[in-house]
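I am attaching a structure below and will ask some questions about it afterwards.
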Amino acid sequence: STETAAAPDATEEITIAVAAPLSGDYAQYGNAFRRATELKAEEINAAGGILGKELKLTFLDDRNDAREATNVAQRLVGDKKVLGVIGHFSSTASLAASSVYEEGGLVQLSPTTSHPDFTKQGQYMFRNINTQAVEAPIAADMVVNLMDKKRIAVIYINNDWGITARDHFVEAAEALGGEIVAEETFIGGQTQDFTSTLTSIHSKNPDIIFLGTFYAETGMIAQQMKQLGYDYPLAGLSSLYNEELIKLAGDAVEGLYMTSNFFPGDERPAAKEFVDKFRDAHGQVPNQFAAVAYESLGMLAGAIETAGEDRAAIRNELAKIADYEGVTGSITFSKDRDVIKEMSIIKIQNGEFVIAQ
Amino acid sequence: MKLLEVNNLTMAFGGLKAVNNISFHMEEGEIISLIGPNGAGKTTFFNMLTGIYIPTEGSIVFNGKNITGTAPEKIIKEGIARTFQNIRLFPHMTVLENVLVGMHSRSHNGLFHSLFRTKKFYQEEKRNAYKAKELLATVNLADKCNEYAKNLAYGQQRRLEIVRALAAQPKLLLLDEPAAGMNPQETEALMKYIRGLKDKGATILLIEHDMKLVMKISDRIYVLDHGVKIAEGLSKDIQNNQDVIEAYLGKGA
Amino acid sequence: MFFQQIINGITLGSIYALTAVGYTMVFGILELVNFSHGSVYMFGAFLCLTLMTALGLGFFPAFIISIVITGMLGIVIDRLALLPLRRKNAPKVASLISTIGISIFLQNLVMVMWGSETKNFPLALNLGHIQFNSFRISYLQMIILLTSLILMMGLTLLVKKTKIGKAMRATAQNMEAAKLMGINVNLIITFTFFLGAALATVAGVMVGMYYQSVDPMMGFMAGLKAFAAAVLGGIGVLPGAILGGLIIGVSETLAAGYIHSGYRDAIAFAILIAVLLIKPTGLLGQKVQKKV
Amino acid sequence: MLQVCNISTYYGNIQALKEIDLEIKEGEIVTLIGSNGAGKTTLLKTISGLIKPKTGSVKFNGRQITSLDAPEIVKLGISLSPEGRQVFPKMTVGENLELGAFIRKDNKEIKESFQRIYELFPRLHERKNQVAGTLSGGEQQMLAIGRALMSKPKLLLLDEPSLGLAPMLVETIFELIKEINQQGITILLIEQNARMALMVANRGYVMETGKIVLQDDAINLLESDGVRKAYLGE
Amino acid sequence: METTVEHVNKKKKIIKRRSMIYVGVLAGLLIIPLLSLNNFTMRMVIMAGTYMILAMSLNLITGYTGQLSLGHAAFYAIGAYTSAILSMRFGWSFLITAPAAALMAALVALLLGIPTLKLQGAYLAIVTLGFSEIVRIVALNWMGLTRGPMGIPGIARPEVLGYRIASNTQYYYLILALVIITYMSLYRIINSRLGRAFIAIREDDLAAQSMGVDILKYKILSFTIAAFFAGLAGSFYAHYVTYIDPQSFTFNESIQVLSMVVLGGMGSMPGAIIGSVILTWAPEMLRFLEDYRMIMYGAILIVMMPIRPQGILGGIRFKLDKEEENQHEAVGSE
């Protein structure tokens, strides 16, 4: 689909693709990508487009399926108009597609892929999110020092993200003097019932439950914990930031602590502007996934502006980006095309997300 | 020589003894008929001979070998082949293929030969196809080779079933009501055919309600009722046996 | 901990049982592996939720209305997708693929209509719980188990004793002969689908309420587990569905609690396979003696 | 009572019935003979609504039934004992018979019908709790006939009722046919056993490859040379 | 009756015609890459090829032997993982990993089949489904072997006789070769004593047994052969996409392949091929529908089944098959 904002030279276009799950069980994340990038594109076009040409986005659905992702990648690589790709959402899709992008020499800037191997797949892979090597130790510090909990039970989702989160969290927490008393896992989208997991955690008598999970499961975990009559403090990662979580679990998640890349209450002007615009357009506050997609497009557009319409040059330009003022803070690509972002700690208080520190 | 010897065979379903303590024997080259009222246990008897049911009691000795409780796919290798009371062809296979499946137990091509289409493969396929067609010709089905079995008329299906059983070159052929659903003319032709088989040395055990056929063709007859053998002997004796008349033949016969 | 785990297992099991009862009924009557059951279950839950939140209906009216509407959806599914296949004497697998089509269709429709986010389902029947020493049972858990038992008994009576039940069985066993008895076969099958969809809704809503959340994918695993439970219990045997559901639920829970949470479904399926190896016709399924 | 006009029925592209005309008057026994594959079964199926003819019409008691579905035709009083028995294999003998009376509401008389069937076929009574799938071939045939009678039809269609039955029972069946006919049930009978069929029937039709080639009073047919040669095995 | 000479001539003619058709088709397939199709089209063709192998092999079990399997993805996965692990750990080339993968899948199928294939219908269906879930969950949890959800990235591109396969054109020829091998093997199996035994089991297992077919043995054989080719497809997939993780081998994958078989026509090899092509392309063709794409995909399945319930090519005997039969006939009357 095309999103056009009347402004620059409408006869000439610069095309950037957004590849994400727009249908299937992960469609909500793809939609966050879509809304955020559409918003950014409007802004760019209102400000005169890229190289004086209109920025056109093209959206491709990969259903979060490895095979479809490679199909999409092949399509995009072959379409000479496409100068860069924002995507894909998950590691499965991103990694499967990466060899195609690398061969085709097309920038694959994933706002969300946190798999440690992703940027090792080639020179054209970029990511705009902390790997768990960065985030999980911060979370460990939050749990052990800020919350002062030593006996920790971990529940993590059995995917690449969850496993790396667990590994780095456990390592850091133990280094800080914490003790891991239980580690439990589950398959996302498949397990709905956490009572047995929670019961066996309960028998280990932890001080806190740390969640390497997404908001949907977290809602269920919190609810079921409450129903079982257990009352453990909860802590998690930036993946939990979603307004839906509070709707889903209500007071069962009251007092939950988490790390955050992005938080709508952020006072920095870039963030504030984005949140306001997003709210105006969609009637809800953006989540982390929207935020990273939004700024990813900003960076890619910037790189095209300087490099011109040449894929290799765009890659080189993108790799040079440093101190980009994004909505999640200042962004610099490392030489491995990874980012390190500042994180804040937020918590749920009186049914709202608030800055804890 | 006794080809088949059955001793005290019993088959119980729960409390019901469908076949009750039957002893029975057959010589090579005989045609023997098994008759009796509906539900007397005739088909059940066949099912035990062919390994579909495992007898509750008793033994079956075939060709000097105890085959009681042997699985159906092995029984046919021993040399007993059958037809079914309710036709059980392979409906979506051609007539020829039906017969070729009948030859399964007498042929050997395995994965290797099939995959690499060895000389042996072609030899066996050729030989089998040739034999199958010969057999089909004997029942006037040669021109139906490539027809699906399900598209055959009823009488043709019956004949195909017989040929399929014969394809296994059995020492003993079991026919379960082969004439059912045939008109008198077809029955006549069937009778000739069975005679022809006998002349070539076949041994046949026949279940049939068509008394004309049974009486004309059988060397001996066994009569079952309620699972029990109530009479045995030559056609004449059976026809005049009061018990048989009462239980089975009725006054009209 | 052990008692609590058993309670957890029985609850999960009764959720499976609840889903499996409807599944096994349609399964038993139509001998159709029905992959649309899970998505109908999900649809029913979403509908009930929407009626409550968007139209502000109370739980019970919303529940009843969604049962009826989803039941009609069942009819539509039958008429549009499966009846044409029956008309043409299609093989069973063709219908199976159609039900897969239905399930893909429904799931994606719901996603487009309601979004793919997990949504909160209000705990409309918050009845509290009984606390024992080391474990607790909530009344909702008991209601779920009870509902599945009641449905099982009700359906058993329906299928075994009533005229329509006999017509259902006759239709399953020989459609042509059923017509010759004067049974309106298509009406019977449509009714079966209505009932199946209505039962799926009952399960979907109760499960949604129990977990206080619904999402468009909730029916997928539920459908598979219901299928597993139905087969484990013996196809078409209603009490078997309950038993099968409970066994899968308890084994899964104990596996997660005592062996490894990552392997829970694997262990549950391994137990299922092991049971079927010992009893090839399912726990309560009867071996039919072949008669030729 | 039954008027079949110009019926043509197809299986896919194969024409199984070619412009069939046939008539049955109330109270008659009519028999239809013909060799294998002539289309007899197809005709019965067409009459009872299991297959729809491409052209032509079927009238029952003056009413068009060509486009009615099988269950509605059954309700009008036409009952078929089908080829291949078609019993409900997983139901008991009793339940099978009960289903035969599916369209009836007169519970008391249904009980009487049960009685009658059980008297006719004591074997069925003996086995009323056995599942039909495990019955012997002949027992299933009895069940199929009994079940067809249970609906109290006005017109009874019998497709090879004597198939697989013991000689004594064959006699019983033919006597039964006569008897129920005297009680007012009209009968259309298909038989391989053409002689016996023609002996009980009033009239007969002879079919060959989808066409009616001959029709006459049963006695005349019995004596006709062609019929004797082709169908009576003489 | 024709004379023997005529027969021989006829037979020669048939063989000539047959080989001409074969040569024509093969030539057509060989020049496809020369049509300068874009890479995307080539990728779709290659993926369709992978599914052809999967669908043809599943067809052997479900279409020909009549056993409903809902777990074909398990063998696909086993093949992919075997290949990936052997290639990553030992640096073995595709020429070794591919047969190893296929054999591994076959071995697992054999071990699973021996106890389970006595089950029938839905009972077997749930066992195969359960087994494929077990395989996926083990792959997900056995970090030491499979790297679990981290998947295996950077799988080596195949090397065939010192020739490194990297471009889509090269992959095309590789998959073409594999498809042809699969087709030929299955065709030969089906048109032999084994194949007739399989079909007989599907048609009437009791009658088949009474004709001497050891049903359990032949079901296991069919299952094992099918798994062999599914494993081969998995191996190719791993070396083509170069990244695998357990999410690529879910139940949906089994269902997708089953849909291809049924849509194309059970018991028809060309049907399985057409089914794979249609269902591989359909989601891409429907992209213009955007959000409604998968709704439409579901609707297509619903609508297509009643049009031809036996599948697109189901129940049709092909020219080539027919001629084979005629040849039989000719041979028979010599």
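As written, the chains take the letters A, B, C, D and E, and residue 1 is the first residue of each chain.
In this text, a residue touches a chain if its C-beta (ideal position, glycine included) is under 8 Å from a C-beta of that chain, and two chains touch if they have at least 3 such contacts.
The structure presented is a predicted model; accordingly, all values stated were derived computationally and were not measured.
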{"item": "Chain whose mean Cα position lies farthest from chain D", "value": "A"}
{"item": "Winner on C-beta contact pairs when C-E is weighed against B-D", "value": "C-E"}
{"item": "Euclidean distance of C-alpha centroids - chain B vs chain D, Å", "value": "30"}
{"item": "CA centroid of chain B to CA centroid of chain E, Å", "value": "40"}
{"item": "Gap in Å, rounded to a whole number, between the CA centres of chain D and chain C", "value": "42"}
{"item": "Length of the line joining the C-alpha centres of chain B and chain C, rounded to whole Å", "value": "47"}
{"item": "Shared-contact residues (touching 2 or more other chains) in chain E", "value": "137, 140-141, 206, 291, 294"}
{"item": "Chain B residues counted as touching two or more neighbouring chains", "value": "13, 43, 52, 84-86, 88"}
{"item": "Multi-partner residues of chain C (each touching 2 or more other chains)", "value": "108, 262, 265, 289-290, 292"}
{"item": "Touching pairs among all chains present in the structure", "value": "A-C, A-E, B-C, B-D, B-E, C-D, C-E"}
{"item": "Of all residues in chain B, those that touch chain D in their complex", "value": "13, 36-40, 42-44, 85-86, 153-156, 177, 180-188, 209, 211, 247-253"}
{"item": "List of chain A residues in touch with chain E within their complex", "value": "1, 22-24, 59-61, 63, 65-68, 70-71, 74-75, 77-78, 91-92, 95-96, 98-100, 103-104, 115, 117, 120-121, 158-160, 162-164, 185, 187"}
{"item": "Residues of chain D that touch chain B when the two form their complex", "value": "35-37, 84, 123, 127, 134-139, 141-142, 160, 163-171, 192, 194-195, 230-233"}
{"item": "For the chain A and chain C complex, residues of the former touching the latter", "value": "23-28, 31, 158, 184-187, 189-193, 195-197, 199-200, 202-203, 215-216, 219-220, 223-224, 227-229, 244, 247-250"}
{"item": "Residue numbers on chain E that touch chain A, as the complex places them", "value": "38-40, 43-44, 47, 137, 140-141, 143, 148-151, 153-154, 166, 241-245, 247-248, 283-284, 287, 290-291, 293-294"}
